[in-house]
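These notes open a run of structures that come right after.
In what follows, subunit A forms one complex with subunit B and a second complex with subunit C.
Right after this comes the complex of A and B.
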């Protein structure tokens, strides 16, 4: 018995040794081969599989359009940009591991975090520790940059922000409510942090601008819920004048298809912040007309030559339509390129962060033709926010009204005070 | 007794090998891979104490992984605890939770036990999601996990963190080994093979199962703590059913009958994941194919297969020696 046990032990040692060697070989080899290429490597942790794979695909598309142009122009000091894209499947711990691997193993010098919110917070902690430049290009959760406890000097956000959308959307909704006498409201949003906080903030500001608004029904379908019959019935029974929904992606598509069967959109005014995005527009069987749709990405918003050219170029090179995530990532890529020009190709996290802090970029996605990386909280401002009315065919959104930024800044400051983020 | 010292010696050797990794200047990516593997390895190894040694298939084991992670993370974020203090608190919380859940679940067998553990896991998961002000909801524990120095050890330093994780990991593996080779471990096997017989022999089956459940939960909790330290946060999907499923995958991949089988499974699964993720986003497809090959082709974990072949060969050799001896004896009698 003893001799058998001892033989087993030695076999285990051999197996462990072989495993360690295999791990070293598999993990170490790419680092050795890739470290010699001389390109500026940019790591992109994102979601490329599952129901929200479109997030990763269209984010990478937005980045590629900018970096391909940069590389075609010769790069900087002869160095071109190479993207290393990894699928985190949206799991925070995987996102943290993948980000560390991108930096330590693939020798990426910059991280473009194209993760959804929960994983973005995990990436933020890796950046806090390692200190490379990071741009969060998809996370809309306000606290990521608004909460000073979470602040990381080399991390920035180029995505739109929940509180900005809520203030702009609340103002727009209140104007429509006053004009049409929409007093009784129902809500229908996904049952998780984004859905709940987005809806609470939207309704808070709608009430702020129109004191007559009251919420009479709240519906919280589960994330990735396949059947919305019960939710639609609940909304119909509420007999509300208007409805707000923060549903998005495949959930929004399923909800619209099922709500259409009951004629929900004919019976009440509907406000949907995530409706007018090509990812949704192209998937819905019967795109509803007359729904108030939040501004995500649309080729006619703004209706400029630059935006149309950007759209055409994107579709031609990426073979799919851009989404909200595409422009957010394109802006992130533009910031990286401009910062590299300022630092003369030096990718040091501190130097790149100094270059980006407070930087204003010429951009067709800005209200005044520019977007700015606000220095006080490392977040993007002056991008286009607003609402329009949906059309059932191209361009899918009409009468788009962009929100003014001054009232947003003012109310955002009050919100930050209320949250205890500033004194 | 000799076996115990040998096991402890092997554990010390394993620790030495792990500690050599930073000494020989291995790239940080390898250290990260090992740390990640150690956290999930403890989850799989502890689950195998239930599945492989006791015959209790738990679908909810990840709740203890998450319990350790959240209890430790919250204690550290409160700023009132040192790392050892938070560690002990997390262990106490996990053990208490396991005691309550286990007291209800271990009385049931097979599918009822499996589904009740799954139900408790989903309850715990939904508490994490719903109690946003305390747990951060689906955003998890944000803002990082503070790592104040203790006894001159600074876990903010990646090498020291690696050493800390290695020591905690080896200690847990050594504890598991002592458990499975002790009379208690053999009692677990007896319960797995014939629960009624064990009861007739005077064993309090429920209490033994409960003790096993709590020990295994605590080890999973340590895994959760290691992962929390690694990613500097705790997230709800630590306690989601897919994480329990992943641990079962690891056991399937490595084998449940050999002590280190689940650990080998963890390494295989993590390697498969890390390699495929570098080349494709169809990681699940690759994993699915591997599982199919194992289930349909090998019908057991590779380590189980190797162990069986080794045993068969040993028995064949012993039989050959016996046959030769019989032949000689026969020849002697004939002469």
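Right after this comes the complex of A and C.
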């Protein structure tokens, strides 16, 4: 059907329009927040829309639990904490813009960067210029804090780190591989900094602990890709013995739903570092049983009274279940609160950084009941990591095996030397 | 580039069957969306940049109907009808006001609808991804055919999309309604001069195009996570399909959808890092050598 009328749009106009629409979708529009005087304003750039909006929602939940308690106790020197949360949609350029706005226009004195890795690097560069205190609470890409070229004195990471998960997970996977004869491996991870580095590191250490492992297929679906059909069929055709995936959030939910149709999880052993999170397990309708699942956040890991109380309090106050991002952000908030106590409420970036560097906090998320902000690279250590086997109902994970930190420290040091990060 | 892997796949029946069906699955869903875009453009001469939002609303509507009724078929039908009616409303209240306007004005109206619908979805259903899950009637082991693997639900999707496409073609080509629509596409004022209320036909066409997007959303709901903004990525691919097939051509949209589907399924094996590049390359080649698209008529 074609029309001959003059009002017909030309193909060039259509393409222009599509381009303009695409650009508009990327740029988006910032949210508006109100400012108050006398409060300590903490800016939170995060993702509140799209398929991983759960990241922002549960990150903010983790922060609120700590800051609400701090404010209820009177704050510090009469000053309470006010969070200013902004949606970056996960886009690096938007995250950088939002962070600048939070500092320059909203007068935020501290940044809690609850972005995924795709945007955390952009936030890091803003912090380098401006010098306020920043805690990256979600980015797991190792180089963010491991690479000295990226080092910013006032920036820290309270998120788990890819290399730690890789060493612990690689050790766990190698033991299973040896026991079950899993030699041919395929990978399926999102195509951006976190997915690439996490997968390379995991496979490197799986091979380190079991020399028979070889990668026969790699799939790199785009972040937030809606359809995984061609990825699933590619994995099927690879006929691998095992698969590793670093997909997460809604992407992982969609992948599992689509992979189930092909019976992918029946055909190979699967290791998924991000499977065991409430945001995923609650959404997947046919939760795969017997998949090796990385430890994210689970109310039974550790099976302590403190952890159960924290879970119950979180659900009661936030009206949803916590995720891995919740505990990472709760820890970030606790570091801020403790540092404010040390500086007597002075939010100067350098003073706050000095207070946090090397700080050890009592925490139910730590292997020994504590977590430490390692001074040498401003990153969190001693938190609980490990793998378990997925269950289709509560508690969703069984046989959880926590990784020991001493071997992780040793191999991490070697890895840093290999990367040229230390001599 | 891993052309060896591609050649190995092409030489293996099981791989060919699996990838062919995978390509058809991707293509048929795209076809349903692109056919709506191309139908609306062909008749009304407007580019519905908000078509992805209608797809998204279709998916959410199907999810809601499924929660209420427990029947996937009722949900899919309900979603298509609901989105079709919403499309009629959209056309009467907004789009009919910008017929004949500059394409950028149409874009502005559509982009406003995209933003508003994304926010409404967030307000009504929340920002967290939703999953419908596979309806019990399709929770079956995959079908084995010549060594390849075909999920029963995907087979249903392909057949449903083809049936809808065939029905659409029959309505346009074999019915009086279709004759009037085709006449209105060529010369609306002349049809109007014959005493036919063309505006009603325009609204009906927009409704049908919208219903196609709603049906696509409903078909995708069991296997894709539902999120605000989910229509955006598929909209870009549906525009590629529309341009390759020829704007206004439903047959063109069908063929181009299959081309894009197969490019993605076999490309993921042979050139996994350049699949999008190849899709745009195909579009560029069509624009260079046959600017009206594979099945489109040259503009006068």
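Basically, the second predicted complex is superposed on the first by the 387 of 423 C-alpha atoms of A that agree within 3 Å, B and C clash if a C-alpha of one lies under 4 Å from a C-alpha of the other, contacts with A are read in each partner's own complex, and residues count from 1 in each chain.
Keep this in mind: a residue touches a chain if its C-beta (ideal position, glycine included) is under 8 Å from a C-beta of that chain, and two chains touch if they have at least 3 such contacts.
Since we're looking at a predicted model, the values are computed, not measured.
> Figure out whether A:141 sits in contact with subunit B (first) or subunit C (second), or with both, or with neither.
Only subunit B; A:141 stays clear of subunit C.
> Which partner chains sit in contact with A:358 here, subunit B, subunit C, both or neither? Use first/second/both/neither.
In the superposed model, A:358 contacts neither subunit B nor subunit C.
> Touching A:149 in the superposition: subunit B (first), subunit C (second), both, neither?
first
> Examine A:74 and indicate which partner it touches, taking first as subunit B and second as subunit C; both and neither are also allowed.
neither
> Applying the touch criterion given at the start, work out whether A:97 contacts subunit B, subunit C, both or neither, answering first, second, both or neither.
first
> Answer with first, second, both or neither: which of subunit B and subunit C does A:105 touch in the superposed model?
Once the two structures are laid over each other on A, A:105 reaches subunit B alone.
> According to the stated criteria, A:283 is in contact with first (subunit B), second (subunit C), both, or neither; which is it?
After superposing on A, A:283 lies in contact with subunit C but is clear of subunit B.
> When the two structures are overlaid on chain A, which partner does A:192 contact: first (subunit B), second (subunit C), both, or neither?
The answer is first: A:192 touches subunit B but not subunit C.
> By the touch definition at the top of the document, which applies to A:38: first (subunit B), second (subunit C), both, or neither?
Neither partner.
> By the touch definition above, which subunit A residues appear in both interfaces, subunit B in one complex and subunit C in the other?
Residues 2, 4-5, 7-9, 11, 13, 15-17, 20, 22, 24, 48-49, 53, 56 of subunit A touch both subunit B and subunit C.
> Report the residues of subunit A in contact with subunit C in the complex, numbered from low to high.
1-5, 7-11, 13-18, 20-22, 24-25, 29, 48-54, 56-57, 218-220, 224-227, 229-234, 236-237, 249-251, 253-254, 257-258, 260-263, 279, 283-286, 320
> Which of the residues in subunit C end up touching subunit A in this complex?
My answer: residues 9, 12, 14-15, 18-19, 22-23, 25-26, 29, 39, 42-43, 45-47, 49, 99-100, 103-104, 106-107, 110-111, 114-115, 118, 122, 127-134, 139, 141-142, 149, 151, 153-154, 172, 181-182, 185-188, 220, 222-225, 227-230, 232-236, 239, 243, 247-249, 264-265, 267-269, 272-273, 287, 291-292, 296-297, 299-300.
> Sort out for me which residues of subunit A touch subunit B in the complex.
Against subunit B, the touching part of subunit A is residues 2, 4-9, 11-13, 15-17, 19-20, 22-24, 26-28, 30-31, 48-49, 53, 56, 86-87, 89, 91-93, 96-98, 100-101, 104-105, 117-118, 121-122, 125-126, 128-129, 141, 143, 147, 149-150, 192-194, 196.
> Report the residues of subunit B in contact with subunit A in the complex, numbered from low to high.
Touch residues, subunit B against subunit A: 2-3, 6, 10, 13-14, 17, 26-30, 32-34, 36, 129, 132, 137-140, 142-144, 156, 158, 227, 230-233, 235, 237-238, 260, 264, 267, 271, 274-275, 277-278, 281-284, 303, 306-307, 310, 314.
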